[in-house]
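Going in written order, the chains are labelled A, B, C, D, E and F, and every chain counts its residues from 1.
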Amino acid sequence: MNSYQLISLEIATVLLGLGILVADLWIAPAKRRMLGFIAAAGVAVIFAASFSPAFPDFGTAFGKMYVFDGLSLFFKRFFLAAAFIVLLLAIDFADRIAVGISEFYSLILFALAGMMFAASSNDFTLMFAALELITITFYVLTSFQRNKLQSLEAGVKYLILGALSTGFTVFGIALVSGIAGTTNFIELSAKLKDVSGDPVFLVGLLLLTTGLGFKIAAFPFHVWAPDVYQGSPAPVTAFLAVGSKAAGIVLLMRVLFVAVPEVAKSWSGLLAFISGATILYGSLCAIPQRSLKRLLGYSSIANAGFLMLGIAAVNKDGATAVLVYLAGYLFAVLAAFTVISIITRNAESDDISVLAGLSKRSPMLAAALTFSMVSLAGIPPLAGFFGKFLLLKSIIKAGSVSGPHFVLLAVAVIAVVISLYYYFGVIRAIFWSKDVSDHSPIPVPSVMAFTLAVCMAGMFLLGVFPGILVDADAEALNSAVGVFARLR
Amino acid sequence: MSLLLTTLISVPLIAALIVALIPGNFRFIIRLVALGATLVSLGLAVAAFVQFQPQGFDPAKLATFQMQHKVAWITSDVININYHVGVDGISIGLLLMAAIVAFAATSVSWEIKTGEKTFYLLLLLMTGGAFGAFCSLDLFFFYFFNELALVPTFIMIGVWGRGPQKNYATYQITLYLTLGAMLALVGLIALYVSAGVDSLDIVTLKEALSKKALSSGAQSVIFPLLLFGFGILVGLFPFHSWAPLGYAAAPTATAMMHAGVLKKAGLYAIIRVALPLMPEGVAKWMPVLAVLCVGNIIYCGWVAMRQKDLNMLIGNSSVAHMGFVFLGIASESLIGLTGAVVIMVAHGLLAALSYGLSGYVYNTTGTLKMDELGGLLRKMPFIGVAMVMCFMAGCGLPGFANFNGEMLVMVGAWKVLPNIVVFAAWGGLVISGIYMLRAIRSVLHGPAQARTEKVGEFVIKEPLPASEGGLGFLGAITAFFHSALGGGVWQLWRKLPYALLLASLILFGCFPSLLTSKIKGSIAEVVNLSHKVSPAKATAVAPTPAPLNVADTRN
Amino acid sequence: MPPISDIFFYLFAAMTLFCGLMVVANPLSRNPVTSAIFLVLTIVSMSGLFVLLHAFFLAAVQILVYAGAVMVLFLFVIMLLDIKEEERRKFKVISSGIGALAVFGTAAIFLKSIGTTQWKGATPTIEGSTVALGKLLFDKFLLPFEIVSVLLLVAMIGVILLSRKELK
Amino acid sequence: MNLLAATVDLPSLPPVGLQHYLAVSALLFCLGVLGVLIRRNILVMYMSLELMLNASNLALVAFSRFNNNLNGQVMVFFIITVAAAEVAVGLALIVALYRKRQTAHVEDLTTMKL
Amino acid sequence: MDSLLQHWNSLAPLTQSVVFSTLKVLGVLFLALLPMVAYSVLAERKISAFIQDRQGPNRASLPLLGSIPILGPLLTKLGIWQPLADGVKSILKEDFTPSYVRKAYFWLAPAITLIPAFMTVGVIPFGSTLGSQKMVIADLNVGILYTFGIVSLGVYGIVLAGYASNSKYPFLGGIRSTAQMISYELAMGMSVIPVFMIIGKLNLSDIITHQAQHGWMALPFMATQQTFASYLLWPCMIVSFGIFLVSAFAETNRLPFDLPESETELVAGYNTEYSSMKFALFFMGEYASMITASCMMVVLFFGGWSLPFFGLDQPATSIIGGLAHIAIFVAKILFFMVVFIWVRWMLPRFRYDQLMDLGWRRFIPVALANILVTAVVMYFVR
Amino acid sequence: MIVDRKPLSFWERMYLPSIWGGLKITSKHFYNTVFKGQTGGNTLSKGYYPETKWDVAEGYRGAPYLVKDQDGATKCVSCQLCEFVCPPKAIKITPPGADSQSADRKNAEKMPREFEINMLRCIFCGFCQEVCPEEAIFLQKDYSLTGLARGEMIFNKEKLLSLGGTSGGIQKWKHKLEEAKEQEVFPVETK
């Protein structure tokens, strides 16, 4: 198998990004929005191409550094879908960006490429490069609204803490790969027996996990998330919440389940602690929030905790559940951000009070936001429910092996109840706010309407027929390179 | 293999979809669709009820469900879930009750004047969810449908609810019910994981667990999870405080549906899942339940006495009634459990009727404070009479279905839990008698108060919105229905839901065997399975083999 | 008598750590310029350590990129912004103390684990030859190399976008 | 060698091995973390972060030497490149912030609070 | 004498090499570099005088040497003793430190400017061999990288000088210089990549050896065995050299790129506040970096110590040959020094935006394209 | 007003012709100087500076000195405007105290007790001359001031006056004195 065929999706993405960048030179400023459509269409084509039967079989490339397996394919599609929606969001967002709209699109595409590489990385070097491509792109993206102080502050905060996490990751990589003598995950897992007792190795692994914990905003490495989510432009926040987080998750899965499965098993208590603390912290802090984006920031912390839950279970159910959960999360969060983006267009504030009277002003937006909140809360028949169901199942299954997981389970249950409280706070604001000052209908651009329709269709489809997804995910994990197949 | 149940479930859901597609200003059409859908499903439920064959119980083999329909939904090595519906004696009565209440609730929803589209959509979803919950044989789908029915409750209370405590009530009911549901979900998943048959299908589970029971450790964890999880959904003492508050704040139809139907789903799940599958858990936790149910009966009854608000009174009495069901469950006897199921059906009708009536009173007088009401019997004869009958049924007057149920429960529980029965009898007959009669006196009798001075009965008539009248052919039909329903037969029509509920109560009160004959076979199996592990206890509780004595339950 | 390379190791290591400490906790000055200059010194002495480890190419690159470009940029920005505010701020003793304690704990863990690790490596023979490194870079590590090139493009776009004058 | 021996009398120190380099690297890393924790000037914090990256570089080069493979050195190459890019973006960002807010002090970034 | 030699031979090889290295360092630094710096200042003054119809320094004289008939006045007229007078003046003049400067950096900056310029010389092969010793202080495998690394440190002196002076003109000069040096370092670095692509080594001695055999990079006909390939690559090398040359002007802050110290705009920029010896250090630093830049050009493009005549393209076997190589090298350096000086009086100063424009938008793309073209040509040649 | 720059032509943008031009000019001068001896010293004057002093042209403005009027009286009235305006702060004036001589002529307001110009600081800018209301200070032809110590280079009032010489001009004090005398002769009737 030719290496370049395997990375054709990524190549296409990067080329698309470059194309947008270059095309900008010849296109009149007034017509630059069109580039967004081109970018979105391109991503859609790449997404469709990933389903093509002509697509190469699974395999590894670049000296086993890059793996193309079910897991990576799943995540690639995930990222592509997310980027597609984010690009559509960005098209609508274009007029709120002072300069460089086509760069905005191409940066999103480059971040997408980084995520796709991350999904396939089987080597610390590739992982580092991909992770940094994502992170640095997001430094720029978060601070893209340079005329807004909030955006800049968000950028700087993300910068400092992102760089800190890079520092941890890199030092972790140095120690782990140094002790093991290899940077390849599979080779590392083969040598694991010799090195897993080495304290330096374990310290390194801990640092590495810490670094990745930063990326997914897991407790206690979550401090950046609320501010960054609040300050960034809405499409960026959405991409950060979905794409960057999923990239962190897939890398965490690769590192823990492929490179060091035995250690991961023995660490499940620690992972469970992180997961529980993250869930609880995110849920509790979300309660008093007034800013919608900040609320979603905390909710995303809680969701990171739920995702960690599946990892802490260290079993195949958990891994599958993570994938299912992510898919549901994707549509729900993107729908929420789409609505927020539309509503805050004129309001210049994302205080929860802007939702007042939304059910009257625009029933469609109200419905979309309600559904996404309901889905995030994990209530049937929407997509979020099934993910939570599987996560709980996986942790119960893991709990039948070890005790601390029951505590985690209790935390998760309590957190779901708490999360319902604040998600319903949003719904309440939509449907029965007292002080409705503005009754004018909110115009919904057709792009946004399309985006919302896609998200809602996704939420319902995955909620009512999760079978498609679960089968696909289980298959993805079965075909994944490494020890996924051996996970119980 | 029969599509009847699937059709029954899908009728309201499809109707909900249709409602979603109709523009919001075609209010009358939306009402018609909702009413038509519930009417059709009522017909289907009656058909199912009639079609259901009462069956005896053969302890050698497990009962079969009737009218089953099974479709593979998720089959993977991670999870295996099928869409599987079917009914047995326990659920068929509840299904019929649900259909009746749903129709009644849709009928009384004329009071809703804003956001009808969303309201009916949610109501239909709720109806579909309730049907689904009672029909599902796969526990995942049971949970799924139950949640589907619960969520609209929160929104409906929030949006169309009333009273100063609306928000507080909404949050309380949301959080309590979610907590209960989550606990139950954890219990169900734990059951799935520990049963080891890779299925949540009740049939499969029963079969597998009757062969190889769960480990006692697993049972002692899962059983309380299910008991308290579902218990919270029902309002088990001390987790009941949401119920009266929530119902007091809820719009009429929601209160009817939730108090009448959805609450029963939790009880149903306890009887369906917890009892037969985990005999050891039953043995361990039933004493606790027995104590708690006294709390329900006495404490909530006592609280009900102190209420000044009619709805709060009804709410608390409703929770107190749940105590009887818990008592029946705690008795673990054939008679007691049969009685519990009968109460579930009866109380569903009763609660719906009570809330329907109180809602009507609220809409005409604008208050439910008992000291502001009075003399309604004279002003609104039909409502007044219905209310008297309703309250009489509530305090367990013979002739109404509740009496049968309570009687059966107490008889069934007497041998096992005599002390508790004393409490229950005291609570059920004396306390409820006190507050019900007090309510009758202050609401219906006496001089008319300021609020009730000028009210009349069924005088509401509204014009057909112009947007619906001018629709050509469709408009003509609409106009016809509107004049038919709003013209000459208007008053009769508005009385229909109350009459229907009252009639059902009396019907099942006078002919309890309609229910018990269907219930007994299934309950016998439940009782049998729940005693399976501890034979000593089983003999102590039911000295004679349970199935043979079923006939005695006819009262 | 230790070999001469060991002496150099101790020399460079001491210098690296001392200058590193001066970067973060200089008792005499909290001026960012001082920190930057000490960071340059750290980097230079570290490239001395690189030379001792026979990584000549990296030693040169370290100086060229870090000291020659990165730190100049830092200095440039510090001077451009004329940042000296920290000198006037009160130093928060308690929070800093807690942070320092935590870091000392971490350092203790690091040193303990490094002390207890059993290293079974062979005698070092490898040379950080530029040719070998280059071949590896364009052969085995081609993919990360290409990704990093995209990354540089992104950084370039980002810097231009972030630092160009507002059009309005 | 004997030239030095003639003039300097050094205390006897253990022969330098991997662990020595790792210890230096670990200490340097901790210094970096310390800087991030106790300094409040964004630029100095950022420098401390560079210190952390450099610590990793040292560890990687040491491992590379003692493992007899060049993987670590390649990694260092990438780290240096990425760090340069990161610094460029980061400083641009800090300058942009400074233009807007006239501060480079983390405690002044208070637009967004709970 | 014999016993001394014997004693010498009895020493360990390491000790011998240490001694040789020390000698080379001291020799190169004090015998070659410092005098060269001093006399390039003189050369600058003289040449500028000639171009401007003046005589230049012609008065400094030494008490005894000046009175030697004929030779004395001639040397005086040539200004041979001027550097000595300048040195003495620098040392004796009052060293004035304004009160508002940042003291530590104010003192450090001149030293930091000078050191990198001197350190760079360490890897430059200024001759083939002299006896058994290679005429290079440190024959590094990564010589050119070392050079670039050290050169890149040179900017600190100027930046710190600007910062330390705590006054606006020096500050602006420092800032300008930073930007300018970073920008042109990039173009400079890229311009030499084709050279290494052709030669395949980073070691400067190897580069010279290669040129001695295959023709100088910038003048391919200067070889005993001329190859077609080197003629094909000639245009690329010309471009490389052009960029390198211009960048060298920018890197050394020489006219036409002396924006950092432009006296009419910035009152001499970063060294405004400096006087006497500290100023002299800056001054020497500038000339030292000019010498370094000349060395680099000679080594990279003009065959270093080699000359394709008289068998001078082979490493020397005799002392005479070795000295001849050193002389050739120095001669080539002098040529470029003259170019540096000449250009200063030939061209006016660029505007700052023109300077940046030239660096970023002309040289860097051209250098990149040059790399590509070289690669393509090499692909077809081999 | 913004005037657009003239766009450069292609060759101008290449800079090469300019370089060639510069090379031509400089080479010509270089050749002429070195080989033909055409230096400025030879062609413009008859030698080089220390030996051959440069004759300044009329109107040259060198060092500032104080001047006296035709009557030999000090013109300066110690108003300190020049001290105030002096950019390098080279001028230092000590006004007369209560007990000292106020002026060396009649009817004048006052004269400085001491007037110093530090010639090491002075930049010959001419502001003092510009600002002086009494035309008491003038930039004169001296361009080469040397001394062996710093102290020598601080010129005091006597030195400045002696170097400055006499300058006529308006003779304000004389006129004032005459006016005063006329008033004594023809007193105004005030009734």
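What we mean here is this: a residue touches a chain if its C-beta (ideal position, glycine included) is under 8 Å from a C-beta of that chain, and two chains touch if they have at least 3 such contacts.
Bear in mind the structure is a predicted one, so any value in this text is a computation, not a measurement.
In terms of the stated touch criterion, chain B and chain E have no partners in common.
Each step here moves to a touching chain, and the least such steps from chain A to chain F number 3. When chain centres are defined as mean Cα coordinates, B lies farthest from chain F. Ranking all chains by how far their C-alpha centres lie from the centre of chain C, first place goes to B.
Rounded to whole angstrom units, the spacing between the C-alpha centres of chain C and chain F is 59. Look at where the CA atoms of chain E average out and do the same for chain F: the two points lie 45 Å apart.
Centre-to-centre separation between chain C and chain D, using Cα means, comes to 3 Å.
Multi-chain contact residues of chain A (touching two or more other chains) are listed as 125, 128-129, 132, 136, 139-140, 143, 146, 179, 181, 200. Shared interface positions of chain E, defined as residues touching 2 or more other chains, are absent.
Shared interface positions of chain B, i.e. residues touching 2 or more other chains, are not present. Chain B contributes residues 24, 73-79, 115, 118, 140, 143-144, 147-148, 151, 154-155, 158-159, 167, 170-171, 174-175, 178-179, 182-183, 185-186, 189-190, 192-194 to its touches with chain A in the complex. Those residues of chain A whose C-beta lies close enough to touch chain B in the complex are 316-317, 320-321, 359, 363, 370, 374, 379-381, 385, 389-390, 392-393, 396-397, 400, 409, 413, 416-417, 420-421, 424, 427-428, 431-432, 465-467, 470-471, 473-474. Per the touch definition, chain C reaches chain D in the complex via residues 1-7, 9-10, 13, 16-17, 20-21, 23-25, 30, 32, 35-36, 39, 42-43, 46, 49-50, 53-55, 57-58, 61-62, 65-66, 69-70, 73-74, 77-78, 80-81, 83, 85-86, 89, 92, 95-96, 99-100, 102-104, 106-107, 110-111, 114-115, 117, 119, 121-122, 124-126, 128, 132-133, 136-137, 140-141, 144-145, 148, 151-152, 154-156, 158-159, 162-163. By the touch rule above, chain D contacts chain C in their complex via residues 1, 4-5, 10, 12-13, 15-24, 26-35, 37-41, 43-44, 46-48, 50-51, 54, 57-58, 61-62, 64-71, 73-74, 76-78, 80-89, 91-96, 98, 103-105, 107. Of all residues in chain C, those touching chain A in their complex are 109-110, 112-114, 116-118, 121, 140-144, 147-148, 150-151, 153-155, 157-158, 161-162, 164, 166-168.
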